[in-house]
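Every chain is named by a letter (A, B and C) in the order it is written, and numbering of its residues begins at 1.
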Amino acid sequence: MKSLLLRQIIEGALLLSPTPLTIAELENLFSDSERPARDQILATVEDIQLDCRDRGYELVEVASGFRFQIREKLASWMHRLWEEKPKRYSNAMLETLALIAYRQPLTRGDIELVRGVAVSSDMIRTLLERGWIKIVGHRDVPGKPALYATTKEFLNYFNLSDLGQLPELKVGENMEANVHQPTLGVLESASSEITEN
Amino acid sequence: MPPISPKNNQKNAFPRQVEMPFAVVQGQKLSVFPDDLYIPPDALEVILEAFEGPLDLLLYLIKRQNLDILDINVSEITRQYTDYISIMQDLKFELASDYLVMAAMLTEIKSQMLLPRVSEVIEEAMDPRAELIRRLQEYEVFKNAAKNIDKLTRLDRDIFLARAELSGPDPVILRPTVTLQDIKKALESVDERSRLSQHHEISEEIISTRERMADILSRLNKQTFVTFGSLFDPIEGKLGVIVTFLAVMELMKERLVDIVQTDSFGMIYVRAQEL
Amino acid sequence: MKSLLLRQIIEGALLLSPTPLTIAELENLFSDSERPARDQILATVEDIQLDCRDRGYELVEVASGFRFQIREKLASWMHRLWEEKPKRYSNAMLETLALIAYRQPLTRGDIELVRGVAVSSDMIRTLLERGWIKIVGHRDVPGKPALYATTKEFLNYFNLSDLGQLPELKVGENMEANVHQPTLGVLESASSEITEN
């Protein structure tokens, strides 16, 4: 296959697909007889990325593959198209999400223990419905509470390709100098607990 | 019903058994509290709504005084905290049980601090504040993490998907099938959800005690007594224990359970009340 | 405004919008102080068209404005994207469709208010593409947000002759009987609310 056609097909598919596409999915666009080598597809993707340098859009890799997106610096103009202000999420929801993201997998009880307040089932349901979290199992204690973890959609939404790209956990400015050993212990074990999706 | 009586606490606040500066402001040690606790009552609801819970409220109280989490003066913070709580209750503002749980915990720590110490040297591990400090620090870490997540580049706020359609005749595309029932169910679930979220967060969380009351009732019957202790599940930790305790007290107040103890320090039994 | 930025904004908007954009709509992307002359916008659009010559997509003018579309010659590869997997719609998508069906006409903001979570442009696009919803006007408030309603195709697909045949909603125990009345109210007042495009 000519490299120009190959490039056009990949460009077209990435603009048409509502979800990011993996290299494997790009391979599947081609019949067995015409399918290019994986390296060639990768090289083409890189080519397209370079070509977008000066464009209003870019080709980026997020958790579930490659997607075209509009550059962040253009956001204020794009909002004029969308008229309404983007939805804000409550602190309660963000705190719950942060705990699930950094401490996954964990139960609702675990979240309540750290936040010191009950976590409404409504909030968990909203996060589940949004596709940001999923149940990955149940803890083997009485009641068998569900264990929650974040999804690839969560990473996609926040423009991340993996959990390692989450901002580092930091203690507050006032406390930086005198963090206690036990706290650090907790933080370290937290990161080792995170498993890839 | 709450396990503490904030008004009384306030009267004998400042036992001053340990003279310890609770704040260093611009190099000056302060051991007397600035008298700026007054908050107009109508602002309270707003303020309480701004907090994500008792830990958040505590953090605010500590930060507002420029106090170091590691060096909090428990009696002072307890006094301020219970002041807030009691004003709320005076205003008949329905408080989440979580706030009462924290008040109980603070009072417990405070009383432990008042106990005579065996040794002059207070070991770090023996400090009754240690657990509270650990929780405050841990909560603060995630409060910050939540702020950072909010700042991450986000789809449909900072970036947008770039899409284009296919030109030409409509291809034969296998698209998801949808039934009318799917649509009906979807709307019912939205309605259900928006109805639930109309209560604001705090009154919603009262449910946790009420939920626990229902759980306990469903485990009891009129014929047999169960031991008071069996109602508690140690796995739930301190918070769970206190919520269960509050739930049993509430059940008693509403005359839904009988509690029997035949001799002092003997076993306590609970059963559902005959109607 | 620099011509490169101008170009990026127009490119971004055309790739974001679920519907084609007219020159007037492109003008509206800019605040009064930065708005370029109409000629300049037209020249930029032509520039973008030229630049796409070798791409898998092109910028074309259709009846209702300009839009990016994937070249027709790539159709056979694009079809493979859908071949295997008729994916299920997410709950979020079904809820959005349900709200438009029962509460039409309403804006994206209305939907977000009820659902409590954001409605992505992509969701709206998918429903528009499927031909189930359309823009019936704009609410006469700042920003003039689009009002969405269902189409004849929607009724056809579900074998309905009119919206009155939608299944009746079950009213929750505690839910006041206000579910139906306001819905009908909205439908009746709809016409007065709509300002023509």
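By definition in this document, a residue touches a chain if its C-beta (ideal position, glycine included) is under 8 Å from a C-beta of that chain, and two chains touch if they have at least 3 such contacts.
Since the model is a prediction, treat every value here as computed from it, not as a measurement.
In this assembly, the chain whose C-alpha centre lies farthest from chain B is C. Chain A has the Cα centre that lies closest to the mean of all protein Cα atoms in view.
A straight line joining the Cα centres of chain A and chain B is 30 Å long.
In terms of their C-alpha centroids, the spacing between chain B and chain C amounts to 43 Å. Centre-to-centre, using mean CA coordinates, chain A is 25 Å away from chain C. Counting partners per residue, chain C has 12, 15-16, 57, 68, 70-71, 74, 78, 91, 95, 116, 118, 121-122, 125 as the residues that reach two or more other chains.
In chain B, the positions touching at least two other chains are 155-156, 160-166, 193, 197. Chain B meets chain A in the complex at residues 52-56, 63, 68-70, 96, 98, 102, 133-135, 137-166, 193, 196-197, 201, 204-205, 207-208, 233, 235-237, 239-240.
If you check the complex, the residues on chain B that touch chain C are 155-156, 160-168, 171-195, 197. Put simply, chain A touches chain C in their complex at residues 4, 7-13, 15-18, 28-30, 54-57, 68, 70-71, 74, 77-78, 80-84, 86-87, 126, 129-131. Contact residues on chain A toward chain B in their complex (touch as defined above): 12, 15-16, 18, 57, 67-72, 75, 78, 82, 86, 89, 91-92, 94-95, 97-99, 101-102, 109, 112-118, 120, 122, 125-126, 141-142, 156-160, 166-167, 169-172, 174-175, 178-180, 182-183, 186-187.
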